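The following block contains the structure, expressed as structure tokens.
Chain naming follows the written order as A, B, C and D, and within any one chain the residues start at number 1.
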């Protein structure tokens, strides 16, 4: 069709698709799935770090952590808004999350077991997320691209804050150093898996590339992340828990060991250490909040009626 | 100097304890926007606490510091109003289990910020210039807190039958704790005498007017009060504070020589 | 009547009244009120000390504390049983507690604010309770007297344990000593009030004495408690917070200061620092447990029906 | 010696953590008799923990002591099953609020004591004589725990509609955590090899029979399992343990030089 041709031409020219523009149903569906999944990840992602707010070991770190978790909620908010421009409401998206139909980033299904986890999530998890997300700032769908620009800016800030917190800990007591190393040991491999399955096994990638939703392959992003992170780990003074990790002069990249994809898929399928807790906690917050949302709605209706009566 | 310090700690402890409580909603709010709003309120409180503790630490001198004051004092050394340490729920002993009730959160934030907008306003002309500057900054933040809590209190009171009942229960539960505002501690009297502090009991009529007007708009009734007047601000707390501080201070105390 | 004469003769001869014996309605009512109030005190009394079980600073002290709180529950249990012999069921008594109609010892409406409170409750609160209760072991109503013999034996054990815990703390660090002194400061006057109003203002006492339910006056018990406690405080090394406390050679007793009866009556009337919390906590435990009790009942019925069917 | 020690700590940490959890009901039970029963169960666990820590401290030597081991180790050093550190409620993150659910308590006590009667029975013939003596004492206690929990599980399962639903939910929630019983940690393997410990996976068939028979009598169904196998016994815990230990250890750690 003519519309389809115009859409394809826009994509080919690296132009932006806007909410009022015609777009193929599959493009719309893919975007809603991806953006809402991304929004869910932000919301669920508030939980592992939120776990340490009450126990942050200094007021400065407490304030930084609250602000960070709040930013994640904010990201969720404007990602839901971006998805809503595609015609799907927030309630519907939340229903998808709560029923288990929609996914969120599997990394949040691991527990935060010591205070250094907060810094490591900033450094490695946010670091990996940024690698994934920077290309999305050039995504073909305008509202998503613009949301991602803001998200990436804030995530970079979080990443630097996380790394800085770890630097301070690594200059501290033996116990502090041990906490950092322990957290890195637990999170390193999970972060590598965040880039998704190897390109050979990644079904959605090709179409995503063609539509300008995805721009760099999983394996390329993963390599980029590793290459950027190894020097940071050296500066920090932690050991990345991979004996196969070493510089390959010929490739101009770091070689690395085998990711445990069975574990990854098992967690994605709902069987990670915290999947049930994370989801149940979100569902409970939503259900417990029902009476509050009902009250706000009831009050708004009453106010409306009063305004109408006064006008009459 | 020691009473000025006691007065600063009263203000700082109020902020840190309520900041800690409000942050408990982070990730668990009734709607995403409220998660963000309460995180904001909490952040403001932690920020106020930091400035006040820093100022107190400067007054105390020696190796006093913001974190020493927040993390290495015992419950009976805390000077916050008892109101602020209560859990987000009705009257239950500290180790009873119960869910958080948003009405309790909102009513407390309302009762406290209604006072603090008046307190910070007056403190802008404190003879302690650092405190005056903190007050100016805090006044802006607290005005927002009041606005937020007042709006929600009206929504809850004049919302559904359930929200009305919950809001009324929270008002009944919490209002008696505000009596502590109107007694004068030695530290408060000394701070007033020195031109540093605010005569809080003198704010009572204005506060009452604001509370009564808001409760009326929220279709809620104000319960009579008789009974025990809490004394958190002189260090005599409820059983809840030691749980709150135990959680807040535990990690820092496990590593007394660490920097973070 | 003949019955009444027999009852009065038994009382006069210091004999025991048993459940099957005839007794005046007022005697029965007074006993039910007193025994159930005593039982409620045991149950509510589990809360202030229970507050510290999770935080006991050594496993030995944790075990001692759990055992003690458990004993209090046990006392509640056999006091409810003693009251039931008078024809009032436990549910009815609990209903009295939960509705606020029945009282319990006002001492439990004060908070336990540091670990030493646990020891001080053992030493002073249990100490005062024993003073009150030892005469009840000779009470005219048999089941109550026998229950009190067991209660007093266990309470004495608790008192010694509390005192011993304080002795250890007073040999410890400055912080530990300060905790003990702080706890004593908060509890001393409340414990003196536990013996009830001065004899001049005590309405129930005369009839209670005549019936052999009460055997020593409030003021005499209070004096006895003070005389016994002052030397213990000296051994312990704490200061009792009463500047008027001093030995009166002429009386052969310690003189002491004015008790704040306004505060006492205010707390009895429901306005102490913890009245609402204590009562609400009991009510909540009862309400939350409804489904469990219902299940037990339903299961028992099913079992009964099955037994009948099998028999048929 | 270090693996024997690790094995003793596994047994001791199991006892102290579940003892701590069961004591949370003290004063809050559904009926007075259950308050007493759970306090009893808790006391037995604390008692077992004390004997096991004392034995471990003797093995370790130096200044190790019962309380050093219980109060001055970090969460990742604890060797208890993850099952035992979970709060008395469904799957929620550690800092979410929720009430205690008696069904969760009963189901956990059942699943654990069903294992431990078998473990203590075998441990009576441990080559470590002290451990064998502790096992003989613990077996009697644990038989009572099993009896108590089993009776209640049947009552709840075959009671009312609500109690059945709650019991089934608790079974669904907790049963996956029992998979940790059937993996073998290095410490367990070494203890078995030394004749000190029990080959727990070999108890599986007997345990399954007891659980299946009880669930059947309780009219409950056994859920399928797939997924994550917890690893608390090698120190990799849930987010709940640091909250539990924070509360348990806080006072002792605030006074590291004190005796109690």
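In the analysis below, a contact is a pair of C-beta atoms (placed from the backbone, for glycine too) under 8 Å apart; a residue touches a chain by one contact, two chains touch by 3 or more.
Treat the numbers as computed from the prediction; the structure is a model and nothing was measured.
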Joint neighbours of chain D and chain A, given as chain labels: B
Far-end chain from chain C, centres as C-alpha averages: A
Whole-Å separation of chain centres (CA-atom averages), chain B against chain C: 36
Length of the line joining the C-alpha centres of chain A and chain C, rounded to whole Å: 58
Residues of chain D touching at least two other chains: 24, 27-28, 93, 95-96, 98-100, 246-247, 250-251
Residues within chain A bordering two or more other chains: 47, 50, 53-55, 281, 284-285
Pairwise touch network: line, ring, star, complete, or other: other
Pairs of chains, among all present, that meet the touch criterion: A-B, A-D, B-C, B-D, C-D
Of all residues in chain D, those that touch chain B in their complex: 24, 27-28, 88, 93, 95-100, 243, 246-247, 249-251, 253-254
Contact footprint of chain B on chain C as seen in their complex: 47, 50-51, 53-55, 111-114, 182, 266-267, 270-274, 276-278, 280-281, 284-285
Residues of chain B that touch chain A when the two form their complex: 16, 20, 23-24, 26-36, 39-40, 42-43, 46-47, 49-50, 53, 66-67, 70-71, 99-100, 102, 154-156, 158-160, 162-163, 166, 247-248, 250-252, 255, 257-260
Contact set on chain B toward chain C in their complex: 75-76, 90-96, 98, 173, 226-228, 230, 236-239, 242, 246
In the complex, chain C residues that touch chain D: 43, 46-47, 50, 53-63, 66-67, 69-70, 73-74, 76-77, 80, 115, 165, 168-169, 171-173, 175-176, 281, 284-285, 288-299, 302
